[in-house]
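What follows is a set of structures for review.
One chain, subunit A, links the two complexes that follow: it is found with subunit B in the first and with subunit C in the second.
So, the complex of A and B:
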């Protein structure tokens, strides 16, 4: 197949994002940009330690700060750094900050749990899972058995726009501007908090600065803003600071992953015993991970333990459980391949029954130059090149959506969906999907999104937004076009079925009418179609498969990794707009790279305070750290339905980088982030072993 | 941040007059703004010297160099004079932080900035530098902390350009109410056990106005090793220079002060470099290192950075 050709398989191959100018000029207003007249400011009082009790506290000085309306210190016990122990509401930001500084609390700091490795139940004390005997039997007498433990760190979401909202509740109605990835879930939350009717609560989030899974619902911040607004009859704003973002708005849990895997000499994996531990917050779970996954491991006995630490709890984060699981799985595959003396791609082809991925592997291998890959650790020189690969896919979940399309008599087309654009390009996607059926020039089409007054749609989770909304947009577009053709047919006194739209003009094969003139024939002001049906565009499952190849170098004297190139082949079914899909693939890769090499939430081991609760000490890949990334939109023959792209691309990257580092230096680094200290330590082990 | 008065000095004399123990000095504001926002410092009055544009210059004089303290790191990066004759200094400034930061960050501010230690920068830790009794890095998260100089506080000095200036035997001109004086760069920075409250010898009212480099080096180079290539602090930074025949080795991010390696210099002396000499000098430099529980790798990195900086300065091949 020709990659170049296939990268132009989208319905919209050349258009820019509809909001590109608004975003780069600052005209786009995010929820955090809303400063209303007479605004109140609210924020939470937070515990700064992992486990602490307020032995003595006073809010007297805080209450005396001019402009302070309310200081609540209802909770004397903090369970983690960033835990909410009270709140303040004030008439200005300044008053709020001064009151916060005037709060007096003497904390009795306890003994917080800060390390997964220290708090987990040892493997030998874990109850045997189902199939343990069967797996042990499968592994018995296998010629190759390897046993490894991998670990991954906690990753925080780092949305650039913080969590929070401004709520203006007046009488029995409210308008809210909330940074969210779920317009309608915020509305439903506020309906409950404010005890109002859904018809009386409006939620706006026309532009959102990222969410990555952490921004469903109004959240504690939106809830506090709503309560204060209702109480004082004034708009109230509550947005997190960066410290609050890093400690209390969710995270991807850390993991430890024990794997014992057995194979025969041909590379057939016979069985595995796997146990994983996930580090979660003080209560509840959510630390599971996709290990094993995507490869056939034979008979598998798997167990998992969530380990509670004194930290903010997890929230869904872009393919929850997958990147950390696949880091261990991919590196295990490469370690197994080394043990078997096999090429790691050959082993993958054997262990992965997916036909699409097999094709992707062959093409990606050519693109990265896999045939030049040297055996692990055999590159010469101080700076060693390594190649690695990883795989991904996605389950393609479901959901409901409704899309509206209006065609006006001046030719303009509005596509309407209440779902939010969290930065992914949803606004352009929905417009492109509708336009693909209407057939007019793109200059006529706009989209309105992120407003609870518009037709309902899904939250941005599970990579379902495009998958669910695009078919309805296409169907609404199709129906709207048919209405327009009817109007033209009436004018031409012909049958609408004989008309079509070609190059933006209406034609019956004989005569043509340009778009604007045709739209002037629309009766009753406008065509207005709403579709909750997929029509002929019903989503069909593809696996959203992907394969990634990484080319990097490791400086073996310093342990510094430079990623040079990443090729990311990604099946998305029918791509809607090309640059948006490519952005999603590239963004996922960057987030995966940043997770693999840099990001790390660090709790001070003694008192549980996060020592890097900002974007200076919490390291995220910057422009100089980002390699050439080549996103390849893959489309299998006959794929006509729009599928998921948000989550799958980030899954393969950490594992592929881990494998490339292993290939470069000849010794696996089984712990993320793969920082210079760990790489030097791994190299030192290799030298010791000789 | 707490409310403060903002005084904009129109002259250096006015700045010196207003800069007392009750006020703080603001140049580019890169470091100060962070401290104000985190409420690590809550001054009543800021004295801004940002408008003193006549302190922004780079000029060659009597075989040496004079840099006004209000020059920015970007000014250095744009200077062909520094790029061609003071490569070590140029690299130190041109690769620091980000383009945006370099446009704001001044040379004086870079030398006088406070440490980036994550305990010092976090209100939850009442560390020694904030009047407490404990250095939390000692038994805490110390992967980025000092490997030299156990002085009870384990910060590393954050200045990117100081190691180069030390290696170049730079002198700092300081203006105060008492007049003008010069301080050798090697005597400018102070260890925590000398004065826990500051990282240099300046007192309120002292303003660095100029950096003087007596002579251009015959060779110089800087190697900075860091985890990220965009916007990160160095794990180690080494700047070497050969001045009047003698080799000088400046080291940053490894101790509470930027420092010269007496051990390396004692080996290198005035000799032309060979691979063996470089290896011996680097090994000698790291010998006195006393790494903490999580930063042993910094010893290796320092050795490698010294070797590479020396090699780079004389045109020997360096892995990159």
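So, the complex of A and C:
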């Protein structure tokens, strides 16, 4: 198959993001931008240690601060840095800040659990999982057996708009502005908190400053704002500071991954024993990971343990469990390939039976220059080049959503969905999907999203929003168009079935009527269609396969990695909004790069305090770290269903970077983030051995 | 013309003015406060000394309009712009100068408004992202961002736009590397960087 390098495969190839002007002028109002008259300010009092008890405390001084309405210190025990031990509600930011500083607590600091490596149950004490004997048998007489342990760090979401909301409860109704990726889950949470009817609770999130999986539901912040607003009959605002954001609004758990894998001489993987540990919060789980994911490892015996540490709990983060799992899996594949004396891509083609990815691998390999890849560690000079690759995929379930389409008599078209645009381009996607069936010029089409009064739709999680909503938008567009054609047919005294819309005008083959004139014929003011059905657009089997190739250099004197180029081939089925899809792919790749090389939540091992709850010591990839990235929107012939693209692009990147570093320096760095110190340490072991 | 006396823009002046433990902690490790310049010599004591802790009225020129605000000595320029002037384009993200989301122009130079006290902006021309729109027309930088889809969630974008505006004054026709260097104080978590670089490079080519 040939590659459309300009990616002109989408329903909307040339149009702009609908809300781009609002975003570049500052006119877009996010939830944090709502400063209502008579506003109350609320915030949580937080425990600054991993495990601590308030042996002595006093809220007296805080309560005396002018403008303070309420100080609550109901919870004397903090279980992690950032844990909520009370709250303050005040009439101004000043009063809130002053009261917070006046809180007196003497903390008795305990012995927090801060390290996965130390708290985990050792492998030999883990109960044998199902198929353990079978896997052991498969590996028993294998010619090649390798046994490795990989680890990955904790990553925080660090959404730029903090978690929280402003709630204005009046009598038996409320309006809320909440930073969320789930309009309707927030509405349901507030209905419970406020004990109001769903008809009386209105949630707005027209603009959302990122979420990445951490912003479902009203959260403790939205809940506090709602309670204080109801209690005092005034609007109340509660948003996290960056410290709170970094400690108590979710994270991607850290991992350790033990893998014993056996293969025959041809590179067929016969079996594996895999055990993974995930570092989660003080209670509960959520630390599982996807390993070996898409590869066929023969007979696999797998077990997992969630290890509770004194930290804020995990929340879903862009492909939860996947990037960390695939880091271990991809690097293991490259180590196995080295052991077998095979090309790592040849081994992947063997272990991954997916036909789309096989094609992607061939094409991506050409683009990155895979044939010039030197054997691991054989590059000359101080600065060594390395190539690496990784694969990705994602599940694609259907689901419920409703979309409305209005066509007005002046020609304007409104596409309505209550689901939210957290930066994915959802607003533009839903409009383009509907317009693809209507056929009018794009200048007539707008979309309203992120408002619980609009037709319901899914939260932005699990890469489902486009997949679930696009068919309904197309169907509503189709039905609305049919209504318009009926109106024109009545005027022309003909059969509506004979009419179509071509180049934005209505035609029966002989006469044409331009869009605005046609819309004037609409009876009763407007056409209004709502569809909860997929109609003829029901999702059919369309995959989310992807393959990525990385070209980078490692400075063997400093350990610094510079990624030069990443090629990301990504199947999204029928792309809707081209620029949005490309932007999503490159964004996912960069987040994967950032996770692989930089980001790292660090807890003080003595007292459990997060030492980098900010944005200068919690290092996120910035402009100087961005390589050339080539996103390729892949479309298999016959793929007509729309897939979402939030999660898959970030999955392959850390593994591909890990493999490229291994290729450059000839020794694997099995621990993320792959920082210069670890690279120099790995090089030192090689020199010692060599 | 941008003023070069540095009054009100110096980091040390800021520290001395504020002088509290909380602020000192917040400033450790920040990158250069005024982009494109070395930190300057301590400024003369600012008007902060004349402001009562209970607050006082100051006049600020924001987007070409002078307006009075009642501020406390600790109020940052960002807080006054957002909470009182109702200009919410500039965002509070890190609160300590490491992300650039709060970037505004002060006398034409880009400044992290979360690190500047409101009182220190007295007598200076403050321009926010909203102020770049002239008579309903987008600034060429804004237009380039729009045309290149230089955005995802958009929360960081006002900061990027304003910083890019200043960058194109410092380096009128930046190449890719100069764009990257010029934007290294701004963080986009969604990582729309490639599009942002494209936009700024294109705006530079259009620059007179």
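One rule holds for everything that comes next: the second predicted complex is superposed on the first by the 687 of 690 C-alpha atoms of A that agree within 3 Å, B and C clash if a C-alpha of one lies under 4 Å from a C-alpha of the other, contacts with A are read in each partner's own complex, and residues count from 1 in each chain.
Note that in this section a contact is a pair of C-beta atoms (placed from the backbone, for glycine too) under 8 Å apart; a residue touches a chain by one contact, two chains touch by 3 or more.
Because the structure is a prediction, the values reported are computed rather than measured.
Judged by the touch definition given at the top, the superposed model places A:576 against neither subunit B nor subunit C. Set against each other, subunit B and subunit C touch different numbers of residues in subunit A, with C touching more.
Shared-chain residue A:94: touches subunit B and subunit C both. In the superposition on chain A, contact of A:422 is made with subunit C only, not with subunit B.
Touch criterion met: A:20 reaches subunit C, while subunit B stays clear of it. By the touch criterion defined above, A:590 reaches subunit C but does not reach subunit B. Contact with both subunit B and subunit C is seen for A:621 once the two complexes are overlaid on the shared chain.
Once the two complexes are laid over each other on the shared chain, residue contacts for A:28 go to subunit C alone; subunit B is not touched.
With both structures placed on the common chain, the touch criterion links A:403 to neither subunit B nor subunit C. Within the superposed three-chain model, A:194 lies out of touch with both subunit B and subunit C [touch as defined at top]. Shared contact residues on subunit A (touching subunit B in one structure, subunit C in the other): 94, 101, 616-617, 621-624. Listing the residues of subunit A that touch subunit B in their complex gives 48-49, 81, 94, 97-98, 101, 381-383, 555, 557-560, 562, 597-598, 602, 604-607, 609, 611-613, 616-617, 619, 621-625, 675-677, 680-681. Those residues of subunit B lying in contact with subunit A across their complex are 1-3, 39, 98, 116, 118-119, 121-125, 136, 139-141, 143, 225, 227-232, 235, 294-297, 300-301, 304, 319-320. Residues 16-17, 19-30, 32-33, 35, 93-94, 101, 158-162, 207-210, 212, 241-242, 422-425, 579-580, 583-584, 586-591, 594, 614-617, 620-624, 626, 629 of subunit A are the ones touching subunit C in the complex. Interface of subunit C with subunit A (complex): residues 22, 29-30, 72, 74, 79, 82-83, 86-96, 98-99, 101, 128-130, 132-133, 138, 142, 145-147, 149-158, 161, 179-181, 183-184, 186-197.
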